[in-house]
Structure formats: C-alpha cells, structure tokens
Amino acid sequence: MAYPYSVFLVNVGTAYDRYCMEYATPFTAEELFQRAAAVDGLYAVDLVAVPDFIKDPFHYRKCSEEHGLKVVSIALDIFTEGVWKQGSFSSPDKAVRQKAMTHAKEVIDLLPEFGTDLLTIWPGQDGYDYLFQSDYLGDRKRFQDAVLELSEYKPGIRICLEYKPKEPRTHSYISNAGTTLLMLEKMGKANVGLALDYGHALFAYENPAEVVALCKMYGDKLFHVHINDNYRYWDDDMITGSIRTLEYLEFFYWLRETGYEGHITIDQFPYREDGLMACQESVNWMNAFQDIVARADKDEIHACFENKDGVRASKMMRKLLLGV
Amino acid sequence: MAYPYSVFLVNVGTAYDRYCMEYATPFTAEELFQRAAAVDGLYAVDLVAVPDFIKDPFHYRKCSEEHGLKVVSIALDIFTEGVWKQGSFSSPDKAVRQKAMTHAKEVIDLLPEFGTDLLTIWPGQDGYDYLFQSDYLGDRKRFQDAVLELSEYKPGIRICLEYKPKEPRTHSYISNAGTTLLMLEKMGKANVGLALDYGHALFAYENPAEVVALCKMYGDKLFHVHINDNYRYWDDDMITGSIRTLEYLEFFYWLRETGYEGHITIDQFPYREDGLMACQESVNWMNAFQDIVARADKDEIHACFENKDGVRASKMMRKLLLGV
Amino acid sequence: MAYPYSVFLVNVGTAYDRYCMEYATPFTAEELFQRAAAVDGLYAVDLVAVPDFIKDPFHYRKCSEEHGLKVVSIALDIFTEGVWKQGSFSSPDKAVRQKAMTHAKEVIDLLPEFGTDLLTIWPGQDGYDYLFQSDYLGDRKRFQDAVLELSEYKPGIRICLEYKPKEPRTHSYISNAGTTLLMLEKMGKANVGLALDYGHALFAYENPAEVVALCKMYGDKLFHVHINDNYRYWDDDMITGSIRTLEYLEFFYWLRETGYEGHITIDQFPYREDGLMACQESVNWMNAFQDIVARADKDEIHACFENKDGVRASKMMRKLLLGV
Amino acid sequence: MAYPYSVFLVNVGTAYDRYCMEYATPFTAEELFQRAAAVDGLYAVDLVAVPDFIKDPFHYRKCSEEHGLKVVSIALDIFTEGVWKQGSFSSPDKAVRQKAMTHAKEVIDLLPEFGTDLLTIWPGQDGYDYLFQSDYLGDRKRFQDAVLELSEYKPGIRICLEYKPKEPRTHSYISNAGTTLLMLEKMGKANVGLALDYGHALFAYENPAEVVALCKMYGDKLFHVHINDNYRYWDDDMITGSIRTLEYLEFFYWLRETGYEGHITIDQFPYREDGLMACQESVNWMNAFQDIVARADKDEIHACFENKDGVRASKMMRKLLLGV
C-alpha cells in the first residue's frame, strides 16, 4: 500500500534564495525529468507553467512520456515574474488580471494534453506587505470572482487552491485552511477544492492532521497534498521526515481515515542538497510512516478519542513507533 | 465621535497566572463595578457567567444599575472549572455537553434581564493538546450542532463566537477568523456572528484590520470586538496602545469603513498593574486613535489602494500620525 | 545505561492556569512524594522552596527519606508571591532585593540537610512587560551582583541559572543560552552554571542539542537539565517525547558526547493529565531515546559533520530510528 | 541633531526573492550611488564586497567621491556564492575557510582606501539546517578562531559581527545578542564588536532597546546599527517606521542614553517598492522619531524605571507621541 507520490519537477534540481542566485548549476527540463525518473518510488511529477514550459509545453510532455512519469497537476505561474508583484487575480490593475486570466485559460486548455484534470493555483503574490496598502474587500472579491470564472471555463476540470500565511508577501489573502475553505464554501463549486501544503499548515500554527479532517467536514475539499518539513516558523521546505515523526503518523492516519485518494507531491527547496537524493529521502521516510500507520490499532486510538486521553495517546504512539 | 467602550468587569480588578495565584488582593463584584464606573469614557461592562454570578445574577444587575453601567454582553463560563477541562460543547462526554447546554440556556434566559441580546461564547477548553488525542471530526461537529441549537433557543438573541489560536489548550477548534466564519457560513444563521479579539488576531498572524473586512465580506458577521495589545506571539493582554500605533489606526479605519456599530470591550489582564488605571489608559489611547482616524484623507488612502503603493501608504501614515 | 531522572515534586500532582484554578484536586506534599516514588525509573526529586516548604523543610526531608527519593536540587521561590511581581534580585526596590537575598541564603543553608549542593535559580519575575518600564542596565546589574554574592556565600555549593525567553513576564532578563552564558563568563565563578530547560530552549528558537555544545565550549557550564516537550511557540510543558523524536535523539547524543554527568529533571504541567502517569510516560520515552542513541554509529555521524551533509544525516537518522 | 544615516548601496536599488528573480530592472553601481545621493538626509553608504566590487573597487570609490557619499563600512561577501553554502569561517572544509580568510584580508586592506576602519561580518551561511548535520563545537570554534586572527591582522581596524537567528540557514551560529556578546567577551579584543540589525533583533524575540543596553554593559560593544522594520516573525526588511512607532522611540532613547556614536545604516529589501523612495521614507520616519525622543522627559522616564510602572510608562509615551 502506498500513496502515489509525485514531485514538483524543479525540486529534483536546484534552488536559490534572496542572497545566493546559484548554490549549484541548474538542470535543463530534460535532465530534471531524468532525475525525477531515477527516484525510486516516484511515478509522477507536478509542473509549473513557467515561461520555459509555456514556450514549448509539448517538450515537457514528451519528456514525461519518455520517462514514464505521469503529470499530476499543472500549477499556474503567477509568481515568478515582476508583472505579478502586486498580485494576479486580486490585482487592482485590470490589465494584470486579464493577463492572469489568459494564462490560466491557456493552462487549463493544456491539461487534457497532459492527461490530467487538475489545475493548481498558488496565489503567492496576491496579498500585501504594508498597512494601508490594500483594499482588503476589493482585492479579495476580485480573486474570488476570477476563480469562480475559471471553475466554469471548461467542463471536467478541477481546481485546487493552495494557501500559505505569507511569503513572498508578508500577508497572503489565501492564508490558511479556514479562509480557503470559507471561500470554497461561499463559491459552492464542486470542482474547486484545496491543496494542502504540509509545511504551510505547520507555520500557520495549524495541525495538518486536523486540516485533513476540516476539509472532510466542509465539503470533502482536499484535492491535493504537497509535502515537506520545517521548524514551524517558516516555509523551510526541507526533506519530509527529517525533523518530525509523530506528527506525520497522525497526518497519514487522518488521510487514511478520511479516504483521501489524491496524490502526495513532494515540494522541497534543496538549496544545499542534491535535489534527487533529497526527494528520495522523502519517499523513504513516507514509506516508513505509512507502513507504521498501517499497523495502528484503531480501537486503541478511538479509546483515546473517547476520553481525550493524552497520556494514553502518548503510550499508543510509542508502542506504535518503537514497540516499547 | 466615539465608539461605545466597555470592559470585562474583572479586568478593572486583578489577574493571576500559573505561577502566582495572587499578585494583588482581589476585589468584590461590587467594588469592581465601582471601579469600572470610575473610568472616564466607559459606559458599559461585559460580564462572564462565573459561579459567583450565577449564584446571584440580580446582585450584578443591581450593581450595574447603581453605577449606571450598561451590560453589553454576558459570556458563558465554560472554562473556569475542572469539569470543562476536555471541552464543553465539543466534549465526547454527553453529560458535560448537557451541562454546557443547560448553563448556556440559563444565561440566555438572563440576557433580557440585563437589557442585552448578546451572548458571548469563548470555547477556550474546546480543543486539544496531544497528537492522537482527539476526533477532530466528531468534536467539531458536536460543537457546531450545539451552537446551532442555541441559536434557535430563543427569538431575538444574538450569539458571538470568539476565536483564539490556543491557550489554555495548545490548539483551539475555533482558532482563527477563517475557521470561525466558515462555521458561521455553514450554519447560515443570521443571529450568530463573530467576536474579534484584537490580540487573538495578532498572535494568529492575522491583521485585525483585514479580519474586519473579511467579516464584512462574508455575511456582515462582526458582532463584537475585544481589545488589548501584545507582542504578536502570545495573548499578553496588555494595555491597548501600549505597543502598537499604526496598526490600530488601520483597524479603526476599517471599523469605520465597514460601518461597525457594536461595542469595543477592553479585555486585559493587569497582572502587575492597577486594573482601573490600565483600563483608563486603553480608553485614552483609543480616543486618540479615533481622533486621528477621523482626520484621515480617504482619497489619499484610496490612491494607495489603487496602486498598492507601500511607500505612499508609509508617507500617508506619517503625515496622519505626526503631521510631517 | 540511564541518566538519573528526577522530577519536580509538584509535577506528579496537579497544575492550574490563568483561567482555571483547579483542574483537579491538589495533593499534599506527602502524597506527592508517594506518587513520585511510584514512578518506575525515577529515583530523585527537585524541590521548590515555596512557603509550605519553608514552614517545615524537615517534613519534606522526612518524606523524601521515607520514599527513598534523593533530592537533586532546591529551587528558590522568587515567583509564586505578589511581592516578586516586579522582580527579585533585579528589583529596583531594595527591600525586595533583601528579601530575595535572605530567602536565597536560607535555602542555601538547607542544601546540606538535603544531601545536595545544587541551588536552582529561575528568575521568572525578573524582566519586564512594557516599553519604557525598566532600566535595563540597572536591573541586570543588580541581578548579576546578587548572584555573585550568592556564589560566595558558602563554600561547596553550586548555583544554576535557568533561562526562559518570557512568561510570566513578556521579556525575561535571563532569556536564552547566550545571555546566560555571557553573564556566567563575566562573573567567572566556577560554581555558577546553567540549567537548561529543554522546552525553554525550543521556544527561544534554539536547538537544545546546540545549547549543550555551547555550554561545553564556554566553560563546561551545563549544571542541570529540565525536560518536557512543546510545539515551539510556548512553554507548553507537555510529556517528554509526545511530540518530538529526532530532536531528542540529537539532544541525548550531545549530552553523551560532552560527558554530561548531571541529572535530567522532568518539568511538566499536567493540567488535564494524571501527573504521575504523565511523568511515567516521560521516563519511558527517554529510556527509549537513550537506548536508540546508544546504538548510534559515531563514524557515520562524524562523516555527516565533515561534509555537513543533510541528506546523509536524514538517512542516518531513519536507519537509527526505524532500521530502514 | 541627527544620527549620521547611511544605506546599503544595493538597497536603493532592487531586490529579488526565491520565487521571482526580477521584480524590476537592476541598476548599475554608478546609478545606485546616484540614487543614494538623491536621498535627502543620507550622507553615507555601506558597501558589500561582492564580486563586482572586488573586480574594481576603485570604481566604487570614485563613484562615492563623485556623489559626496562617505563609506561607513565594507561588509564581507561570504554569502552570495555557492562556495559558501556550508559556511565560510566555520566550514569544515579547509579550502573554503582559506578562501574566506583571503577575501577578508583583501577587504581589510581596502578599508583605508575608502576612509573607513570598520569591517562588517555577517556570516549568513555559517550555521546549519538539518539535525545531526553539524559539529556545533568544531564549527563554532573555527569561526571564533578566524575572527580572532582577523582582529590582529592590521592595526587600527575594527570588526563588527552581525547576528541573525536564521536565514538563509534555518539556524545561524551567530544567532542573537547573547551568543554574539559571549563570543566577543571570550575573545576579549577591543577592536571587535557587534552590529545590531534592528529587524534581526525583533525576530529573535529581543527588544532592540534592551540589546543596546546589553552591549553597553558588556564591554561597550555596539559598533554599528542596521535598521528596518518587520512583523516580528521574519526578516521582512521593510521601511523603517512603517509598522512600529513606540518601539523605535525606546530604541532611540537608549541609543542616546548609552552615548552611541556610530552610524545607522538603512538595510531594506524593496522588492516591490522604489528603493530610493523607500530609503527616503526611512530617513523621514527616523528624523521624526529622533525629534520626539529629544523632547522626552527624562525625570518622568526614570520615575517609571524606579517603580517599573507600566501604566505610567504608557501615559508618558502617549504624552510624548501625541501630546494627549
């Protein structure tokens, strides 16, 4: 038993930050596919519709086919270029919003070509930094209206919104599970759901396992999962499992309990690591976590729930993890 | 022009913490009313239905009348006694839930006696601490169902839910603006809204001004405001205005813009301060903030919004605050 | 192989917080000793010189002897009474400082009666809350001078200072490993060291394992360890091992590597748990962690260090923890 | 009366982050000097010894002279290239350490050519990300030894170490005021001090005003100040004064009280703003703050200190800031 793991294509490559442009030499798209294919346990990739992709999407398709990698989802690129610096769909600038809409529809049109129905929207630039900089009502309304329009653009597609409390803005509009599910509830479209990034939840002071339950309760809205690890204060995007253990067990438990059937896409920034190996590490940790969760004693867990017994839960986890 | 200020009755008195039971000698209810009445600019109090209140609510009413203090709202006491340690309306224990329901209905019945229609629910114990301790689906469902039941118990009452990310639990169910408005949206009851505690929003990494807008957008749900100040990481419950300045200006601006007509209730824990004087300080700061906001140049603010211009917003704020 | 575990006597009992005075019925000192003795794997307690202790310390000694529990250290009580609300040794009020000094010398005089040489000082009230409230130079100077005086009061005693970033003040003077070791370095007294509370380090955004190394490097100053677990943002004082796993492994590794020979004292606040069982859980987790660390492949770890290889460290940890 | 303001040359230009390489078109060095010179109230710049500078430092000198801009300090570039990805002076790789040493000495040799004696060291890559990745003792020792060597390389130079809790590493070795002053105390070199970045202190949960006092107390070690603003959780590097007000007043008060005579260098990342105008905003806010602090009633402040009176401090601040 294993969840179908995917990886963001670029994540098997290199990463840079605001101080250092090049920790290592970047790879070509072709090389990235080759590297993703070399990870044992991966069978798919997630793509981002960056300019290089848009220029020749069929090169990407060819690469994915050659390496036997399914494409799980394509994410809009509404964050890597200066034009988006004050937002995409939420921008007060009509020309920018139209550009975003055109891009989105272009990507939606491409989805069937890649054998997928899932569009990912991470509106990283849609937010604000300064006090009195933004019309919170107008900006949010524009964003919501745009997603609504997209949801009706083509039959058969699904859209997932990925939230994050901040970065690159100090404040994002699609900031946490609550604000995202609220917008989904208000829109009431069956084909729009939520993409949960495990690390984003952590630094929003959410418990990712509880977010899984929340999505179940409010419309079965968990459409996609991104995974990584961090120290709780920032989106460190580290190897999945390199810091936390028990929290992943609870997360995978709730994915099973709620019948999640989507993918789990590794989303890491290997600044100083080999991206391929960092990705392999994440697969290996997740396999181990899932094997452990598969052995969990549900009756014992339910007994903990019934009494909200923290001591018993502690004992159950130790037994499950370490057998003692 | 001034918002009607209130204060939680106990907040003009003393506070204790988990290390020190008595920083100063507590006051009687009668003395607390006397002290609240002595604060220049206050004209109301918020009450909590603690055992001493329930024992003789009419003593409290008499005191409020004698001191000419309106009662803005009464809050349930579902957090000061051991029986609530694993939650109230969300508890898996039916007897506890029933006790909470009985208490709530008793308090609702008392509302008209105090000339108010507003019930405050802060479910501080409804959450969890340990991993695998809680059935997130069941607990949340029970809570939501109970509030729904309460909303229909008596015509003419209004209920406000106060969220907080944590404390006294490490995780609260009603945790932030998003999860609260989501529940309200799902319930769809016109008489159930949100109580925004300014400090809770701060340490949820929310911008309280944006929360005001969010409440406006999703059903005009801002029913009540609690106010205080903190350092952003914890519910320090300090004197309003003693740390932040510009953030309050933006907050009061959005309260005006969205036409908020409720009260602003001071909610502080004066561990080492004289509660009366700490409350007076908050009133004085808020009066100053509102005078400043009343002078704001709306056209200039809208110009900032249209271009999302952080530099211009900075200049506008300095001009507004300091005149330079 | 096991570190000598101790527990703060009160921690096998009950705890309260600023909302709820009594989650459960408190125990007598005698009952607390009985409960501590019932924890399998504990052989010692840490005491706090609260008024009940000062009133009759020999009752406490008798209890400890009857239950075969060694006393590891006695901590000053400079935080549970209103007199300390603006600090103890750092207070600008001379009478308060003298009271603290008298109390400290009284406790030092008692140490030999309890078969220990170790005084613990946690200056929880020595700090500040408000801007412009405190003379940072004067307050800190007074505190440092007092500890210097205490260090010379009696030959043969040792003093450990326990830091914490905040709570009950919003800012503590003895705030983190750096400011504490700095003061120790400046004082230059061989008998004054540091008490590391694992949870305090976590929410100071320190890595406790690195703090162990820091103490080694700057004077071999690790005199005492308190242990518990939390979610990184606050001193949640939860069961040790109930959240983190790998971080404890690294911590115990560095305790071994640096030759730590002191005690490990469980320091938890079991608000809703049975204190005895919560303590037992912590012992059980720590035994497991130490067994695992004892099996660690040092050569492999050093290889990680030499290349600062995060991927290899991840693999090493998984192998060590899960064998896969 | 005004502090001599400087700015990091690049900060009047553009910035990028890990998602977007180019929010705006970058400027040449010459243009940057021109822009810095256009900021009213600036009279100096701080430089970073990036490759472009090293290639032709005298071009930079010529520009600074042409625009009448003094050079306050030159910072090592031990963070913008891949070679430093696992640290500079702390690296376990001897070749990397030597490269850092060579670079540092080259920059020190250039200091007199720029009319300054002050070298800035921000060891942004000297830290770690993963558990078990690093030998905390060895790495820190190597760093300390290197700074010691540098301090003795040339007579008449001064070195300032700039701390930061994290970023680009998840953990920095020179992490906060305490660990930095501890290293300085241990080294005992009169010509090595501390560079306080206001924003770094904020997100280390320090009070910058208290850090100023701490530097005074432990060897008068405040050599340099960098300034900006943020939301307390991250190094947002925003316009100085755009968020906080009272905290800056306390900061400037303590700079005056401790007789700070160094510079104040604006250090911002204007991702979406015009860097020149963002810098001008910071100057304007700081001028206003200093005018206000110059009017402060010291007797009243000392009265607050003597009683640690938070209410009185609140009143004093409001009077000072708003006159009411």
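As written, the chains take the letters A, B, C and D, and residue 1 is the first residue of each chain.
Here is the rule we use: contacts are C-beta pairs under 8 Å (C-beta built on N, C-alpha and C of every residue); 3 or more make two chains touch, one makes a residue touch a chain.
Just so you know, these numbers come straight off a predicted model, no measurement behind them.
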| item | value |
| --- | --- |
| Chain at maximum distance from subunit D, centres defined as averaged CA atoms | B |
| Subunit A-subunit B separation of Cα centroids, rounded to whole Å | 34 |
| Mean-CA-position distance for subunit C and subunit A (Å) | 39 |
| Distance between chain centroids, defined by C-alpha means - subunit A, subunit D (Å) | 35 |
| Overlap residues in subunit B, where contacts from two or more other chains coincide | 86, 129-131, 166, 205, 231, 233, 238-239, 242-243, 246-247, 272, 308, 310, 313-314, 317 |
| Chain-level touch network, classified as line, ring, star, complete or other | complete |
| Contacting residues of subunit A [partner subunit C, same complex] | 205, 231-233, 238-239, 241-247, 272-274, 277-278, 281, 284-285, 287-288, 292, 308, 310-311, 313-315, 317-318, 321-322, 324 |
| Contacting residues of subunit A [partner subunit D, same complex] | 15-24, 79-82, 84-86, 124-125, 129-131, 166-168, 170, 230-231, 233-234, 236, 238-239, 242-243, 269, 271-272 |
| Residues of subunit B touching subunit A in the complex | 86-87, 91-92, 128-138, 140-141, 165-166, 171, 175-182, 185-186, 204-207, 209-210, 213-214, 216-218, 246-247, 249-250, 253-254, 301-302, 304-310, 313-314, 316-317 |
